[in-house]
């Protein structure tokens, strides 16, 4: 009674272990058939996937030549959020440690990048480092260190307790950010974000290409790099240890997986991604304030990986893109309902409807597809794979 | 010393609000192992209803009506958005409750309108002198309300069949079902209770001055409270609520003396600091059951 | 009469737990259900008390009927209200409640007759009456089992489904439980007794079923089963000559034979 | 595999077709300046005229929605009147299409500005000091003129920001001088929001307190009702000042006044202009305390002022509930109108032309809506800054709930202070 679509089970039930050393054998017309463990663990387990991903990236790279700037800006923001979502997915989706503290690490990244990149003579603390990779990776590293400091808590706590404790991190983080006016600009004020420049080119100034086009390409490239790194990580020994920690942590501990070490690693890497995400997140708007890094942002990231599909890299990206576009979708909807006023003094008005719709869409989405976008994709794929037989 | 005791009095007032909110969280948690993030919205809905009702009927009539109405609202939310998800991952349900929170809060907030509102409570800023200590009447009222509501809850869980069924269901859902307990009824009752409790808490959070829709933030302090008390302990929720209220008020009063260099009021993060310290020693809170989360 | 016809149950959409199972529990009779671990006995009981759903189980084919009406799709509370009470394996008392509170939860569907039923249960289990105020979790295993049965009796059920009541109990307690089951039955309650302790079960039952791999493989009056060679060998632990037989090879042989036979 | 490739090829082809079908619109219209079109406005009075779009970044749902909503309504009323009177030159003015709610969040402010900046000629309202600062860099790059709904002491230093009245810093100086000279105060405490608005007032008070040699206590506050202000009240009482300055929102101010009154405070509590909201009169228990203790420091007149401008405004307002914010929104329109008129006069209705027009403006005829000497952007910043402050007291019988108690005056501290060096809040 195994479902015919589950590749993982077929690979183990149908073949013996000695085949892992053999070259994968491909059977024509059955692209879903996995004949070796190495193949199951490969970066792209089928050729079709490789082609599809390359095509997708190619299309994504060409988009700026076609789409309007405001959409591009949203998409670019989505790419950056996706980096953060991948980070959260590593610790939550793969290693099973639910963290509501992601906003804190994003904040650490944003602040670090702004401080490193800031004008040394400006109103706030700044070191004037303009080299983009330097401040981006610096932000990631500082966030990673913070993650490593927090990780020991995770070895003591589980589930909702861990979630709420990491939430505490957000509140304490906000307090520190608010106090450190020199670095963050303080509550309700904020400071200028790190400015992305490549060589002498300031990407936030319109030139041959607009600001939005340039930022879009930049974010796309960075996202692809970090997504590939994450995908490689999760199919390695580390990734398997994460899964073991997630599924049965005590059993994994008994079997020799060093729980503390892998939880530490998961938090550190996740925080690194969050830091990188934070360093780039405000590039387009050019300004951020410490109030941003609140419960709402943490929840946004959790929603991304739940909506996208926990425990998948592609799901993280899909979820981030959807949530980045959601406010825009919500703001388009009132156009179809004439009773909604655009005046702030009347109710219901579009400002309220936009916010409410955001909530409704999240509820509706999870009600109808709790496995997320990845689940929908999986279902479609499964359906066509066994077409015309429904099971 | 007087200043200290006055701070304690103040803290007992806010602590009572936290305790009422935390009781709602714990009741839902015990019923379905989910933290409902919709509590802040129910609190806001309660405040809005009272502030409108108090204009037509008086405050004392407005509160029970609003509490009942919010309980019904919570019931409806449970039926529409939560029940279909029973059995799914708890974090998916938690995020759904967050979605509910956003929607309800926007709708309730719309009724607050542009200008600050008031719940029309009879206490205002009046004080009462208890053994030489000035205590705001609203804080005394909150404490009394919390004790009364807590007592009623205690009686409810001890003596009524449904209350007993809820306790049984929290201990062993399948065994409770085998006794004929309808788990749907248990879920619905727990949401209604939590909604009502949030409304009561809201009324007391909103006394003492005008409020706007940002008052929902008060409800977030209940999260560290429930962790501190233990997710599944009603008594723990009450004690932790009062404890955190008092510590918060004392810190707010003395912070300027202790650490003059800190500008921002540390009160709001105190609950989290206390929570973290306690969890380092006791990973399941002060009164929580070990292994609440199944391995 | 409570019965299942041609029942097929699937867990998680994947695991087939019961196949073509039919069973009858007449009013006022004791029916024994025997089988090894994993044979599907508990699943069958869950199907009979509506508790499949929370284990992600689902009836795919066949029906559960009470006096001819299909009740398979109803909620567990409905089963209880109709007089079917399931005593779960492993006792499952509400550990933090007192004995009396446990009993009150048991009376959830029959609140009007609470006092009457409490008296009856205390009559059956005088020990529980002495400990009515103690916390259930501190009771001994046998007392907990009595509490679990007593709790189920609080709604005066027509049918009692007992899942392994003797599990992990001392022989003396097992005998006590047996007597109580007989007593309950004599008051008119039909009992479906799932047991590893086949000797005890068949001794008091009027009819017996044997399950293997999700199927009923034997369906005979209890007296006949008691005499059956295979049953004696594999459930009563007695060889053909009344000796303990422990050769694994024979077991393998038996299994092979059964597989072809079924 | 081959089939997959073919399928992908088809998909690619379809995708590229789709994308070329709805291609990107790179040209910027007819070459006119952004925000200026020959098409009529969406709600045009005269369909023959073109339209000038002004952006609005206000607070409709945040802490200062009590300011943002009536302010925006006042602006709409002003431009409606202007349009009905024939518009400006060949154009009418629209402040509705690009009105956005930033909810008093500087980041959202910056983000929304990014969304509308290619479609507007100027910003008719940017509510909040830090918020306006958040968009200032981008606005300067693109020569966009901004009318702030904020009275920070930094605006006179910036060319493209059109401030209209005295600043929080100067108001606070005058408040302290008044406390010393008229009330004989020996100590002053300031309760204020963190951030540029609150800091501006705090610095003003501090400078004045030092100049006058009285005690000064700084008590930071934060947004929130009675619970959040309890520690503020405790902090003030500990310092035991004679006069308290408050630079928060109305809810915070009311909680502080209530808390102080409860503890028997008898001095004066002087709030910055945004601390008043008429809805506070609904707090029956609080009104006596507000009447006894509270003063609002402002350089604007109140709703019932007897000037031609206010009269026209009251007529335009019709049924709209009276609010001094409405009046301020309405009054600020005079400045923007003058700038647009000048730009048209110079035959340069572009962003650059607007900026030049603003820089050369040395005053505006506001029919008594704005303080004396407002909108002088041509002169030296230190000379042009408005230094006078009036105090309003709570009076439930008036339309907007407050009535002028102390006529406009300039205290010695503000008179001598050099406002041209840097903004007060930067010295916090």
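Quick notes on this one:
In this document, chain identifiers A, B, C and D correspond to the written order of the chains, with residue numbering beginning at 1 in each.
The rule we apply is simple: a contact is a pair of C-beta atoms (placed from the backbone, for glycine too) under 8 Å apart; a residue touches a chain by one contact, two chains touch by 3 or more.
The structure presented is a predicted model; accordingly, all values stated were derived computationally and were not measured.
Look at the CA centroids: the one farthest from the centroid of chain B belongs to C. Judged by contacting C-beta pairs, the busier of the interfaces A-B and B-C is A-B.
Per-chain CA centroids place chain A at a distance of 33 Å from chain B.
Centres computed as Cα averages put chain C at a distance of 76 Å from chain D. If you average the CA atoms of chain B and of chain C, the two centres end up 44 Å from each other. Centre-to-centre separation between chain A and chain C, using Cα means, comes to 51 Å.
Residues of chain B in contact with at least two other chains: 109, 114, 263-264. Residue positions of chain A touching 2 or more other chains, listed in rising order: 178, 187, 345, 352, 355. Remark: chain A residues 28, 31, 47-48, 51-52, 55, 59, 62-63, 65-70, 73, 123, 178, 185-190, 192, 205, 282, 284-289, 291-292, 342, 344-345, 349, 351-352, 355 touch chain D in the complex.
On the side of chain A, the complex with chain B involves touching residues 98, 153, 156-161, 163-165, 167-168, 171-172, 174-175, 178-179, 187, 248-250, 295, 299, 302-303, 306, 345, 347-348, 352, 355-356, 358-363, 366-367, 370. By the touch criterion given at the top, residues 35, 81, 84-85, 88-92, 95-96, 98-103, 106-107, 109-111, 113-114, 220, 223-224, 226-227, 231, 262-264, 266, 268-269, 272-273, 275-276, 279-280, 283-285, 292-293, 295 of chain B touch chain A in their complex. Every residue of chain D that touches chain A in the complex is listed here, in rising order: 1, 4-5, 8, 11-12, 15-16, 19-20, 22-25, 58, 60-61, 65, 68-69, 72-73, 96, 99, 101, 104-107, 110-111, 114-115, 118, 130, 133-135, 137-138, 141, 193-196, 222, 426.
Across the interface of their complex, chain C is touched by residues 87, 161, 164-165, 167-168, 171-182, 184 of chain B.
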